[in-house]
Amino acid sequence: MSEIWSALGKAMVLIADFDPDLVEIIGLSLRVSLTAVLIAAVIGLPVGAAVALFRFPGRPVLVVLINALMGLPPVVVGLIVYLLLSRAGPFGVFNLLYSPTAMIIAQAILIGPIVAALTRQTVEDLWQEYGEQLTSFGVGPGRAVWTLLWDGRFSLLTGVLAGFGRASAEVGAVMIVGGNIDHLTRVMTTSIALETSKGNLEIALALGIILLIIALGINASAYAIRDVAYRTES
Amino acid sequence: MTLASLLRAGLAALLLTATFASPGGAQERSVRMLSTTSTENSGLLSYLLPIFESKTGIRVHVVAVGTGQALRGARNGDADVLMVHDKASELKLIADGHGIERREVMYNDFVIVGPRDDPAKIGGTNDAISALQMIKKSGAVFVSRGDDSGTHKAERRLWRAAGIEPEGRSDPWYREAGSGMGATLNIAAGMNAYTLTDRGTWLSFRNRRDLEILVEGDPPLFNQYGIMLVNPAKHPHVKAKEARALIDWITSPEGQRAIGKFTVEGRVLFIPNFRAKGGS
Amino acid sequence: MPTHAQILPLVFDKVSYVAKGARLVDEFSVTLDPGTRTIILGPNGAGKSLVLRLSHGLLQPTSGAIRWEGPGGGNKASLHQAMVFQRPMTLRRSVGANLDYVLSLRKVPRELRRAKTAEALKRAGLFAMRSRPARVLSAGEQQKLALGRAWVMEPEVLFLDEPTASLDPAATREVENMINAIHQAGTKIIMTTHDLGQARRLADDIIFMHQGRLIERAGAEEFFEHPRTPHAEAFLNGELLP
């Protein structure tokens, strides 16, 4: 128990010291995970909505694929991306392995299915309610997708946040494809893994606490945005 | 601290993000080295490489993984330089044409650590082989890396020399962690068990609890590191020029002296032993 | 006064609708002319709502034909219709944005939308609530919003499917007033209800259905005073129909 308290103290000291290495690591973590969330949302939202609304060839395969990918362990995603990006792999020529871009790709693959699955659920539920009236309005398919995504924005935000949570918390995939290179691909979770392997449990835990604070901050601001948006929706 | 410094941190993080996102930083010369967790975790590389970087302006990006993964990465051409400690596998890599210009850089040593009360009574034997036999006889728990790393292979060699082939399935006292050195030490510390570790990781390891060094200094425990260039003939994108600069510097009198000067808690961890004729 | 393309009259020609083997609308033939408030009456399961949905194009007939026979009744006929459902669907946006949405669908220019929205909200008595989220309105207010939203599209025909079935008497009265106002502004009303009092208050003419078939077609007064069929008489007396 005393170790947890001293870790908490250390976390405070780390924050107060404004350690440049720590700032760099936090910055990279945010940049990688937020970019991955953005990519996952840009792909996952329309795919999820399309699966919810339209019957097209290959749809059952896509549904199974999305659900299966959701449960994939991050390490497996990391391995697949590693094999694809390795010099010996099909995309080796782009020289992306051990770069932040590789980490973004891995995390986007990891959370894209989550966003798509939650979008599908939200849009399907909303269509139950909206379907006849939108058809009565004479809304076309494209406009219908956009309307449902916009009206489902609060639920979808929760889905996207869940994706961000998984992205920023995972270590297996970014460790393999990023390599945990100091000042290049070292993020919060790989730092925690590194410090744990050095037996620096307190520093590892302190980093964990900082990660928790960041996650709290992002969720709180998302909640605040949602709250403000709800009261002033237009 | 408090809010103001948090805001400052947030702002700085944003600025850093912007710098990262902008091109231009990519212009710097760099070389990528696959290495083992032992060199990274002990702090040797973060002491050694800045000297090289400030001399040459070449950044060294270290990917520290298990020896097995490092060798695989070199085979794939995912790095320019490889520095590991498993001579047999290194020579195999060279025979297969993926590595060239291997040089022996330095050695460190393994130690057997265990609980202070030492149920197997191996303290003071200074004979690694008979220590392992005593551990087996006492039935005390031994935690193995079990991850096919250089350290794991060295440990298996020692068991073989002791005439014992322990297996996790049939020998309940022999636990295979399947993890890196640090994680394995964490497990041993938590279980009050024996394990084999390199001295560097041990000295910089902060979660020892009741563990201490019980056997050390026996020649079978010595551990040779080799460095080599990933073959540019097989992997044309390898930055041979920068990589050779790194290899040349580490094996130069200056690099070797620097290795010898690196200490943790007052102890020299790696003994430089490059000899110009020792290439293969 | 909105100018209409004149899609009416609406003609049902031996229309049947079959789902899962059940003949829910059976050889239904009728002509609906402009001007009146037509109420479709009948017990539960008579096929009233299906006839509305078939008229509006939300469902396709299994056999028979539905035609808009007016000069404007081509494939653009759906642009001159609107429908309000029993459970009002309100977009998760502000009251005003709900109206703005349908106007933008009809490609009304942005400047015009503002004015039209404000005017329609005043007619619906919702102007003061224009920036409130539609979802926090009461059921009656939401139904008035749905009506206002239909009205702002200036339809030639307005379909209403049991619009007051889940409302209290006060809200019901307000919704009925609005339906009358829309009618007076020149819109044909086609509405289902199982509330006889409401039918007496609103109807100009009655279509009485039972088990998917047209039983009786008459002016409202004639229907209520002198029903021609035993089914209609039983229904008006509140008896169970065979």
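Quick notes
The chains carry the letters A, B and C, assigned in the order they are written, with residues numbered from 1 in each.
Convention: a contact is a pair of C-beta atoms (placed from the backbone, for glycine too) under 8 Å apart; a residue touches a chain by one contact, two chains touch by 3 or more.
On a predicted model such as this, the values are computed, not experimentally measured, just so you know.
A linear topology is adopted by the chain contact network, the touching chains following one after another without closure.
Comparing chain pairs A-B and A-C, the larger number of C-beta contacts belongs to A-B. The geometric centre of chain B is 78 Å away from that of chain C, both derived from CA atoms. Chain A and chain B have Cα centroids separated by 32 Å. Rounded to a whole number, the gap between the C-alpha centres of chain A and chain C is 46 angstrom. Chain contact summary for the complex, chain B toward chain A: residues 1, 5-6, 8-9, 12-14, 16-17, 20-21, 32, 37, 41, 46, 61-65, 73, 75-78, 180-183, 185-186, 189, 201, 204-208, 235, 237.
Taken in their complex, chain A has these residues touching chain B: 12, 15-16, 18, 23-24, 26-28, 30-31, 86-89, 92, 95, 97-98, 100, 179-182, 184, 194, 196-201. By the touch criterion stated above, chain C contacts chain A in their complex at residues 53, 56, 58, 78-79, 81-83, 85, 89, 91-94, 96-97, 101-102, 105, 131, 133.
On the side of chain A, the complex with chain C involves touching residues 129-130, 132-133, 135-139, 143, 147, 151-154, 230-234.
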